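Some structures to go through are shown next.
Presented sequentially are two complexes of chain A, the first with chain B as partner and the second with chain C.
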Partner chain A sequence: MVKQVSTVDTTKNAKNTPDKEQPWRELGLKQEEYDRIKLILDRRPTSAELAMYSVMWSEHCSYKSSKIYLRQFGEKVTDEMKKNLMVGMGENAGVVDIGEGWAVTFKVESHNHPSYIEPFQGAATGVGGIVRDILTMGARPIAVMDQLRFGAVANPDTARVVNGVVSGISFYGNCLGLPNIGGETVFDKVYQGNPLVNALSVGALRHEDLKLAKASNPGDLVILFGARTGADGIGGVSVLASETFDADGPSRRPAVQVGDPFAEKVLIECCLELYAAQVVAGIQDLGGAGLSCATSELASNGRAGMRVQLKEVLLRDESLTPEEILMSESQERMMAIVPKKDLKAFTAIVNKYEVEFSVLGEVIREPRLYINWGKEEIVNVPPRSVAHDGPVYERPVAYPAWLDNLNNNSVNHAQLRRATNPSELAEQLIQIVSSPNQASKSWITDQYDHYVGGNTALAMPDDSGMVRVSEETGLGVAIATDANGRYCQLDPYNGAKLALAESYRNVASSGAVPMAVTNCLNFGSPENPEVMWQFKQATAGLADGCLELGIPVTGGNVSFYNQTGDVAIYPTPVVGVLGVIDDVARRIPSGWQDAGNNIYLLGITRDELDGSVWSEVIHDHLGGKPPVVDLAAEKALAELLQGASLQGLLASTHDLSEGGLAQTLVESTLRFGMGARVWLNEITERDQVDLTAALFSESTARVIVSVGREDDVKFVGLCEARTVPVLRIGVTDASGQLEIQDLATWSIEELKNTHGATIPELFG
Partner chain B sequence: MKIGVVTFPGTLDDRDAQRAVRIAGGEVVKLWHADADLHSVDAVILPGGFSFGDYLRCGAIAAQAPVMESIIDAANGGLPVLGICNGFQVLVESHLLPGGLIRNEHQHFICRDQKLIVENIDTAWTNGFKLGQEITIPLKNGEGGYIADDETLRRLEGDGLIAFRYSEVNPNGSVNNIAGLRNERGNVVGLMPHPEHAVEPGFGPDTPLAMRSGVDGLTFFTSVLNQVVNS
Partner chain C sequence: MPKIIVEVMPKADLLDPAGKAVANALQRKGNAEITNVRIGKRIELHYEVAPTEEQIEAAKQIAADFLSNGVIEDVVAVTVEN
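Our next item is the complex of A and B:
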C-alpha cells in the first residue's frame, strides 16, 4: 500500500530541498529577482511564495520600471497644491476635499491586454476593478467614464474589439447603476494589436467615512467576502499585463477574468452598509494579484502581520491548488479587517445581502505573513517585501533614432497642399467632421445609461461630465480626460502637457474649478530604451504642467508592454482632471442654446497643423511639432470662464482642440440644433493666418463662447480686464443652418447626418 | 401619503424613484424584497434595474420574492402599483400585466430621450395627463421589446389597456409601439421608460426651452397622490 504523501510545497520542504527547480521564469520573474527572493527568505521560496512574489513583483503591481519617474508627482508640488489633498498617491485612489464636509475620490486604470484577448470580459472587468478601488476608499461610486483606443476602422478585427468592448462596458456599467458621463474613442492603426481600454470612476464620501487599506490591530479578523474564488484570471497581472504579445503565441484567454456585475452591485450596497455600521477597520478590494495582493498590502500598510488559513477560502472549484488560490483574480471579492467584537454585526449585514464570507485568519503584531494550507505552512514572508519593497529599476533610456526625422517632416516641410477655394475648404470640413475620430460617438454612448442616480448634470457630448454630489446645495464635480497619441509621438513631454491642458480647459469650460489630476500612462515595452525615454519625457511634462497649473496628481496607473513584436503604440498618457462647482445649476453646456447670442472666439490662432486632424484626415501625414502649450494662457482663460460663469454671462462654452474651430462650430450647432452665422475674416486678419489655419489649426488655450446680447459689454470688458484675446466671430440664429460666410452654408439636418452616420455605418 | 419603493438585489433606480416621490410631495417608505410587510403604504413603485442580475429572465426571480406575494394580493385589491422598466418586467412575470419583454430588436442596450403618447388617463398613475398628450421620458433598456399573442393584443387594444405608445421612434421593436400598459382596474401601470428620471429641472431630458429641463415624469407621481387623496 502506497502511503499518501502531501504534494504541497511547505516552508519546511523548501528548507530541505534548496536546489529544487522552480518555474520562476514562466511566472515572469528575472534571475536577479528570483535570487533576491532567496536572499529575503534565506531559503528558496515555496511554490506558494513564488506565486505571490511573481504577481506582486510584476510590472503591473510593483511599478518597478516607472517608480523612479512617478515620484516627481509627489515632489513637484507646493503646499498650496496639497491643501485639499486628503489622500495622495499610493493608496487605492486619491481623495480630494471638495468642501461642505464632502470629499471625492477618482482614478483611471487600464485593462488593455485582457480587452484585446477577450474584449467583452476584459472591458467589463476593467469597469468592475476601478469601481472597487473607489469603493475601497469608503466612497459611494457615483459615475464612470472610459477612454478607448482601437485599431484602424478598415481592419476587419477592429469591429470585433469595438463591439466586444462597448458591449462589455455597457453590460457591466449599466448593471452597476453608475452613470457613464463621458470618455474618449480614438481609432488609429497603432492600436491594432494593442487596443487601450481605460476606465475611470469617481466616488463621493463624507470626510469622516474615509477608509484605508490597512490591518494594524492584532486580533482583528481577516475576512474574505463576495464572490467565490475560481480559476479565472490566474496570473492576469504577470502573464498578461507585463509582457509583450507575440503575434503567434498561445491563446491567453484563461488569464482573463470573468465579471458578474450583479454580484458587484450587491457588494457595493453591502460594503456601504458595513461602513455605515462602522464594523470595518480596514478594507481592500481584490483585483490584480488577488489574495496575494490583499493580504500582503493590508499587513504591510498596517505595519503588522497576518495569520491566514487558505483552506477557509470559499471556492467555485474545489480542485484549485493553494498557488492558484493565491493568484486567482476572480472578480467581485473584498477583504475586510473586522474587530472580533463586530463580527456579529458584520455577519448580520452580509447575510442581509446574501453575500458569502469566510474568516481566513487574524492580524498579528509580528510583521510577518503566515499562510497555512491545513496544518502545513506554505507562506512565511515579511509582507512589506511582497507588497512594497519590490525591485525598482532604472531602465536605460535612449533618444529615439527616428524622432529628428519625424520632427523635421512638418506640414510645411512636406508641403502638404492647402485648399485654394471655398468649396474645397468646405469639402475638407465635411471630410473632417465625418472622419471616424471626429464623428459623433453617440452610437457608443447611447449604449450607456447616463441617467441613473438622478445626479447627472452634464454628460457626453458636452466637454466634460458633471455629477451633483450634494442634493442639498448642488455642490458637484466635473471630470474630463484627454490624450493625443499623435502629439505624444512627436513630443512626449509637450504631448503630456497638451493632454493636461485640454482636460483642464474642458473642465473649466463647464464652469467648474479644476482641482486635481489622475492619469493612466499607456506605453510600449519599458525594456525598449526609446519607449523608456518617451515615458521619462511624458511624466516630466505632466508633473511640470501640474506644478504650473497648481493642481496635484492624486493617483494613477501605468500600463506598459502595449506593443506587438517590436512595434509600440504611440505614447498615450491619458490625463483626467477633476473640477469642483459650488452649484451644478450653474453648469455650462457645449452647444448654443438661444438665437441671437453673440459667438466669441477667445485666444489666439496660430498656424499649427503639425499632428493635427487636418494633416491626418486630408493628407494621412504625421510629422513636425505639436502645438505650443501655454499653461499661463490656459490658466488665464480658465479664470476668465470662471468669472464669467459666476456672473451668469455664458450661454455655452466649447473648447477648441482636435479638428480646430471647424469641429467646434459643427458640434456647437448640433448640440441643441441651434444655427449660426460665422465669419472668419477677422481671425485671418488679426492672427495673420490663412483660412486653412483659421478652420483647422489646433492652437491651444482657445474656446468659443456664446453670450446673450444684453451681457456683451460686460463680457468683453471682463476679457479685456484679464487680457484674454477676444474676437466676435458670429451670431446664433434660428435659421436651421450653419453658415460660414464666404465659404458654405449647411442645413443642421445635413450636418447631423454627416457627423452621425459614420460610426453606425462602420459598427452598427 | 405613503408610497413604498421596493429594493431587490440589483435594483438600481430605487433612490431615483424615492426622490421622485419626495419631489411630488409624497412620503417614501423603503420596502425590502425579503420583507412581505407592506407597512401600510398607499401605493407601491417597482423601480428599474437588474433585479437578481436579470438571471433566468428579466424580473422572473424578483416576481417570486416575499414582498411580491403581498404586492400581488394588494394590487388585486386595488392598491396602485407602478412598474418602471425592470419593475414592468416584474409585473409581467407576476401576471399582473399580460405579455412579455424580450431583447431589443437591434440587440443593443439603448439610452435615449423618448417621446411617448399618453393613450389612457383612467389610471392611478396617468390621471394628471391629457389624453393623447406627447411627453418626453428617458428610456434605457436592453430587453424592452414588448410582445404578446394576437388575442392578447386584440384585448389590449380593444379594452383600452395600452397606457403609452412610443412616438416618432420605436426604440426596441415593441409590437404596436407599446411602451406601457394598464390593468383593467387602472391601478396597475407598467412601462419601459423611466418617469423618475424626468422630475427635477436640471437632471431630466432636454426640452426646446432649456437643457435637461424636462419634468414630464412628475405627473405620474402627482397623479397617484391626487388619486389617493380623492379616494
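Our next item is the complex of A and C:
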C-alpha cells in the first residue's frame, strides 16, 4: 500500500532547492520547455507546477505543432462568413446563429488512444467529454454522432476494438438519452494499432443563454461540482508520485477513466437549471488535464487570477497527492464561477439534483494562479503561461519521398483490369456493396438509439443526420461528417477539400443550407516532417475550401501521434458540416419513396477510379490522384437542391461518393424497399466513359434525385436555369427489384441480404 | 462438486458507478454506517474431480487473461472449493 506523503514540494522549497532533479523528461517536456518554465517562474517549478505545465504544454492540450496552421481557419474568412458566427475558434465549441433567436454549437473530438487501450470506457468517455464541451457553452446537448476507423476486418484484434467501442458509445449515449444520428465506420489496416474514435455532439441554446469559460470578476467563487475526484487517467503522473512515496516504487495509477452516464445526465440538467437561474458567471468542463486546465483557462480567459485551496476538492480516494488531484481526469465534473451573492441559489439547485460541490477559492484581480495545499503554497504561476502562452513550434515539413511514385501508379498506369461483360460488372457491384466498408452498418447503428427525445428527423442510413431544434416552428439542423483517408494519402490538400465537399453535399442533399464547419484532424507524429507536410497541406485545403464555399470553421480538434509502430495512419481529417433547415418536415430522405418517379443524375461522370472503392475492393490498389474537386459545381448543386426542395420537387436525394453510382443505386433501393429500372447508356454516351466508370467512378458534385412525374418539366427547367447537368437515368417501380438495363436484375431481398450480412457475420 | 472460485473487482483507483449508485441508495435508506460499496463479480469454474495444482495454475491464468479486463479490473482471489 502507499504510504502517506510527509511533505509537499512548496514554492518556498522550490526556491531553496534550485538544483533538485525533476522528472520533466518523463512527463514529456523537452529541455528547452523545462528551461522556459524556470524562466517564467524565475525558479524551478514545484512538482505541482511541473505537473500542470507538462500536461497543459502537451501536444493534446497546447496544439503546439498545429497552432500556426490552425490560424488560417480564422484568417481565411470574409465578413459574410462571420455574419452568423456568435463564437468562433478557441472556445470549447463554436456557436452559430440559426435564426428565430436560436443558436447551435457543435464540435468533434478524438478519443483515439484511450479507445485502443480500453475500447468500451475509452469510447464511452469520449462521448461524455464532447457532450460536456457542448454543455459548457450554455447549450442543451441534442444529438451525437461518431466517426470510427478500425483495423482490417481479418485481424482478430479488430473485433475486440469494434465490439468495445460500439457498446461503449451505445451505453453512454443511450443512458444519457441523446439520439445518435449518424457517423462513419471505416476499416483499413492502417488503423490496426491505432483506431480512430471521434465523437461529435451538437447542442441548442437561446442567444441570451450563451456561456463562456472565463473568470473575470474578482471575488467570485470558484466551485467544483459533479463527481468526486479520483485517480482516473493519471497513469502518466506516476513518475511524480514515485518521488513522494516511499521506496516501494510508484503506485500504479490507471491510465484510463471510467464514465458514469447517469451522473452526466444529472449534471446536464443541473447545469441547465443553473444557467436558467443566472447564477454562474463562467463555466468550464473538466476533461483532459482536469483541474490544471479548468483553473488556468478560466483565469486566463478572464484576464484575472485565482486563489484555490486544493484540500477543498472532494476526493473519492484520500491517498491522492496534490499533483494527482491537479491532473486527475475523473469524468462528469464541472467548474463554475459563481458570484458570492448567488451562492445560496447555486447551492439550492445543486442540492436539488443531489450533486456534490465544494468551493475551492475565489477569483482575484491579480493575473496570478495561487494554489495551496493546506497552509502551503504549491502553485504560484501566471495562468496565461500555463493555458495560452505555451510553446509554439514550426516543425520541419518535407514532401514525402514516396508520394511521386504513389501518384504515378494510377489505375490506368497499373493497367487494372476492367470488366469486359455484364455479368462480371454485376459481380463486381455485388462485391463492392458487400465489402466491409460499403456494407450496411446497421448492425452498429442499430445499437444506438436514433429517436430518443422525439426530435430526430433523419438518421443513419440517410446522408446526414437531422434534428429539430424548435418544436414550435420545426427549425432544425442537419449534420454530416466525412473523411477519406485513401484520398488524403494520395493528396492531403485535395483530400481535405474532398471531405469538405462530401459533407457539404450530404447536408445539402437533406434540404438544409450548409452554414458551418467543424473538424477533427487525425494524423501521425508531428515530429515526422512528412506527416507535418500532410498536415500543412490538409489544413490549407480545408481553409481554402471553406473560403470558396463561404462557410466558416467554428472549431475543431487535432489528434497527432496516430500510428502503429513507426507507420503513420493515412491522414484522416474528419470534416463535419452543419446546415440549417427552416422546417424539418421538409427534409429529404436518401431513398426512393414512391413508384413511378423519375430518377435523375445531376453532375458529370469522369473516369475517376484512382483511390476509389473499386480499386480497393476489386484490385487491392491505391495510387494515382483522387477525383477532381470542383467547389463551384458543389455550390451550384447545393443551391439547386435547396431551390428544388423549397418548391417540394424532390422525393429523395442521395449523393454519389465512395462506391460511385452503383453504391448509391443500391442504397436508394434499400432505404425504403422501392425498386427501380435504371439505364446507363446515356451516361456513357454523354460523358464518354465506359461502364466501369459509369458505375464505380467517384467523380464529385453528383447526386441522384427522384422526382414525381408531374414535376418533371419544372425540375429539368430549374436544372437548366442553374446550369447543373441533368440526365434522366431511370424510373422507380414497385417491382421489388433493382434492374440495371443490359447488366443485371436483383431482387430487393437479395440486395438486402448481401449488403446487410457482412458486418453481422464479422462481428455479430 | 469441486470448484474454483474467481473473484474480480474493479480496480481500486477507478470509479465504480454501480457501487456508487448502491452506496447512495443505502445511505438514503438510513444505513449511515456504510461508507462505500464496490461491486465486483464472482465466477465459478466447475470440475468433475478436484483440480490438480497444474489446473489451478491454469485457472489463475484464465482468470487473468480471459475472465477479467486487466486494464480496469483486478483478480482479487482464486480459491478452490472441493
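Everything below uses one rule, namely that the second predicted complex is superposed on the first by the 739 of 764 C-alpha atoms of A that agree within 3 Å, B and C clash if a C-alpha of one lies under 4 Å from a C-alpha of the other, contacts with A are read in each partner's own complex, and residues count from 1 in each chain.
Quick note on the criterion: a contact is a pair of C-beta atoms (placed from the backbone, for glycine too) under 8 Å apart; a residue touches a chain by one contact, two chains touch by 3 or more.
This is a predicted model, so every value here is computed, not measured.
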{"item": "Side-by-side fit of chain B and chain C on chain A, or clash", "value": "fit"}
{"item": "First, second, both or neither for A:R316, with chain B first and chain C second", "value": "second"}
{"item": "Which superposed partner A:D232 touches (first chain B, second chain C, both, neither)", "value": "second"}
{"item": "Touched partner set for A:Q593, first chain B, second chain C, both or neither", "value": "first"}
{"item": "First, second, both or neither for A:Y353, with chain B first and chain C second", "value": "first"}
{"item": "Comparing the two partners chain B and chain C, which touches a greater set of residues in chain A", "value": "B"}
{"item": "First, second, both or neither for A:W679, with chain B first and chain C second", "value": "neither"}
{"item": "Touched partner set for A:Y63, first chain B, second chain C, both or neither", "value": "neither"}
{"item": "First (chain B), second (chain C), both or neither touched by A:S330", "value": "second"}
{"item": "First, second, both or neither for A:V256, with chain B first and chain C second", "value": "second"}
{"item": "Centroid geometry (CA): angle chain B/chain A/chain C, rounded to a multiple of 10 degrees", "value": "60"}
{"item": "Which of chain B and chain C A:Q121 touches, first, second, both or neither", "value": "second"}
{"item": "Shortest CA-CA distance between chain B and chain C [superposed frame, angstrom]", "value": "5"}
{"item": "Chain A residues contacted in one complex by chain B, in the other by chain C", "value": "260, 262-263, 354"}
{"item": "Residues of chain A defined as touching chain C within the complex", "value": "117-118, 121, 227, 230-232, 253-260, 262-263, 316-317, 330-331, 354"}
{"item": "Of all residues in chain C, those that touch chain A in their complex", "value": "10-17, 20-21, 24, 69, 71-72"}
{"item": "Residue ranges of chain B touching chain A (in the complex, touch as defined)", "value": "9-10, 12-13, 15-16, 19, 49-50, 52-55, 108-112, 138, 140, 142, 194, 196-197, 200, 202-203, 206, 210-212"}
{"item": "Of all residues in chain A, those that touch chain B in their complex", "value": "167, 170-171, 174-177, 260-263, 265-266, 353-354, 446-457, 468, 471, 584-585, 589, 593, 672"}
